Amino acid sequence: RRAHMRVKVLYFARAREATGSTEESAEIENGTTAKALLETLVRRFPKLQEIRSCLVLAINQEYADGSAVLKEGDEVALIPPISGG
Amino acid sequence: RRAHMRVKVLYFARAREATGSTEESAEIENGTTAKALLETLVRRFPKLQEIRSCLVLAINQEYADGSAVLKEGDEVALIPPISGG
Amino acid sequence: MAGIQSDPSAVDTRSSASKFDPQNDFVNVTSEALSLDAAYKAVHSTAAGAITTFSGITRDNFDGKKVVRLEYEAYAPMAIAKLKDICSEIRSKWDVCKIAIFHRTGVVDVGEPSVIIAVSSVHRASGLEAARFGIDELKATVPIWKKELYESGDLWKENSEFKPKAASGD
Amino acid sequence: MAGIQSDPSAVDTRSSASKFDPQNDFVNVTSEALSLDAAYKAVHSTAAGAITTFSGITRDNFDGKKVVRLEYEAYAPMAIAKLKDICSEIRSKWDVCKIAIFHRTGVVDVGEPSVIIAVSSVHRASGLEAARFGIDELKATVPIWKKELYESGDLWKENSEFKPKAASGD
């Protein structure tokens, strides 16, 4: 069994509505990428599927590439298309 | 003796300081151009000479060419370089 | 445009198809203190998604010399006419809701606005571009003069943008 | 720049040489009503000859549908960080005095500002360009969301400018 770690996941706007949650603590395997975490979340929350293609991730308040490997305690945010202004 | 007419002449900013006047009524010959009027004024007010080259004229509140022929009752303004804003 | 429809006898002799809209365009040359809030309210509209304002502020220095006081002088009726022309030009170039251009005359203390331009628009780009055009054009065409008073003398400023459409000097 | 001098140990890892200047740059994400006057005062300086402001106003309609209400939601700490990044970028591109960028969250009534940007500068061009860059960049990068409520349903809006520097979806 591989070692696990915890990350904080934040949901905003349509992602918040799709998951019914604003944030949670997720347990993931060491070495998990941002993209792999997102795929896990889409399986848990099927409603995320419809915004999946336009979701962007932020890690620790910076936009991140899906290939980024997560670390213990990271704050991962699901960012639907923004509409500030 | 040629027929004469009257025009109103307005002086602003450096032109006002050079003539010591804000406005006057000038008697000029029929057919006088704006440029000819300005030359007459420069002879009367020698201090206008030093701003002569940068003066622009307005006739009835529109920038005008020196070749414009003045008419009875015209309002002619001596416009030094502007500095609004 | 309301102004055109309400006065069908008016003929616009300029090349531009648009014109000053007295219902939605506000220009003023006044010796009273200018208010950004008043300019904002003048152009406010619930149909507008953007309000851009530009305030020209009297600076406390020029070329390292301390400015003690500024005085503005205007050829008021022609200045008003030129400000209306600027509104017309803006409307011929951009889709804007309302325009306000206010210029102050007389003594203007350091730090106070001498000119305020406000433009409301449905989309932001048109308002931002129109406000910029407005101040650029004002500096080039509106007959207003500024004298700066320093501790050692005074100076009539000259806008490098000054370019009346018909030059008459020679 | 004061911010750099006061903290010599800070290393700016971005490509830009300039950075957020906490003495002269003001950013906020707040549920309270925004005030244009407060933004103007925040950037006011007697060394500045120009103050440009941009206000984004909630419109009463979209695609012909009447907007009943608007709600903004923000990822506040990241939004603040991104607004500071915008200040840094402005300082790397233009010579400006002070910058204020305020964004509101929660319910914003029709006609009220949801965002206000104010920039003071010695010369007008830099302030006008910086304000425009600021709102363009805000719409492209700052994690804030707007939901429009109509009489018949609601809609999360999407800025066409949205372009995070690193996309992670695939």
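The chains carry the letters A, B, C and D, assigned in the order they are written, with residues numbered from 1 in each.
Just so we're on the same page, a contact is a pair of C-beta atoms (placed from the backbone, for glycine too) under 8 Å apart; a residue touches a chain by one contact, two chains touch by 3 or more.
Note that the structure is predicted; figures quoted are calculated from it, not measured.
Q: Would you kindly say which chain has the C-alpha centre located farthest from the C-alpha centre of chain C?
A: A
Q: Counting in whole Å, what is the centre-to-centre distance of chain C and chain D, each centre being its mean C-alpha position?
A: For chain C versus chain D, the centre distance works out to 26 Å.
Q: Centroid from C-alpha atoms only, then distance chain A to chain C, rounded to Å. What do you get?
A: The mean C-alpha positions of chain A and chain C differ by 50 Å.
Q: Using mean CA coordinates as chain centres, what's the chain A-chain B distance in Å?
A: Spacing between the chain centres: roughly 75 Å.
Q: Which positions in chain A are in touch with at least two other chains?
A: Where chain A is concerned, no single residue meets two or more other chains.
Q: Of all the residues in chain D, which ones touch at least 2 other chains?
A: Touching at least two other chains: 56, 135.
Q: Name the touching chain pairs, please: which are they?
A: A-D, B-C, C-D
Q: Spell out the residues on chain C that touch chain B in their complex, using ranges where they run on.
A: Interface residues on the chain C side: 56, 72-75, 77-79, 81, 103, 114-115, 135, 138-139, 141-147, 156-159, 162, 164-170.
Q: Across the complex, what residues on chain B touch chain C?
A: 10, 12-14, 16, 34-35, 38, 52-58, 61-66, 68, 77, 79-85
Q: Touching chain C in the complex: which residues of chain D?
A: 36-37, 40, 44, 46-61, 110-111, 113, 120, 122, 124-125, 127-128, 131-132, 135
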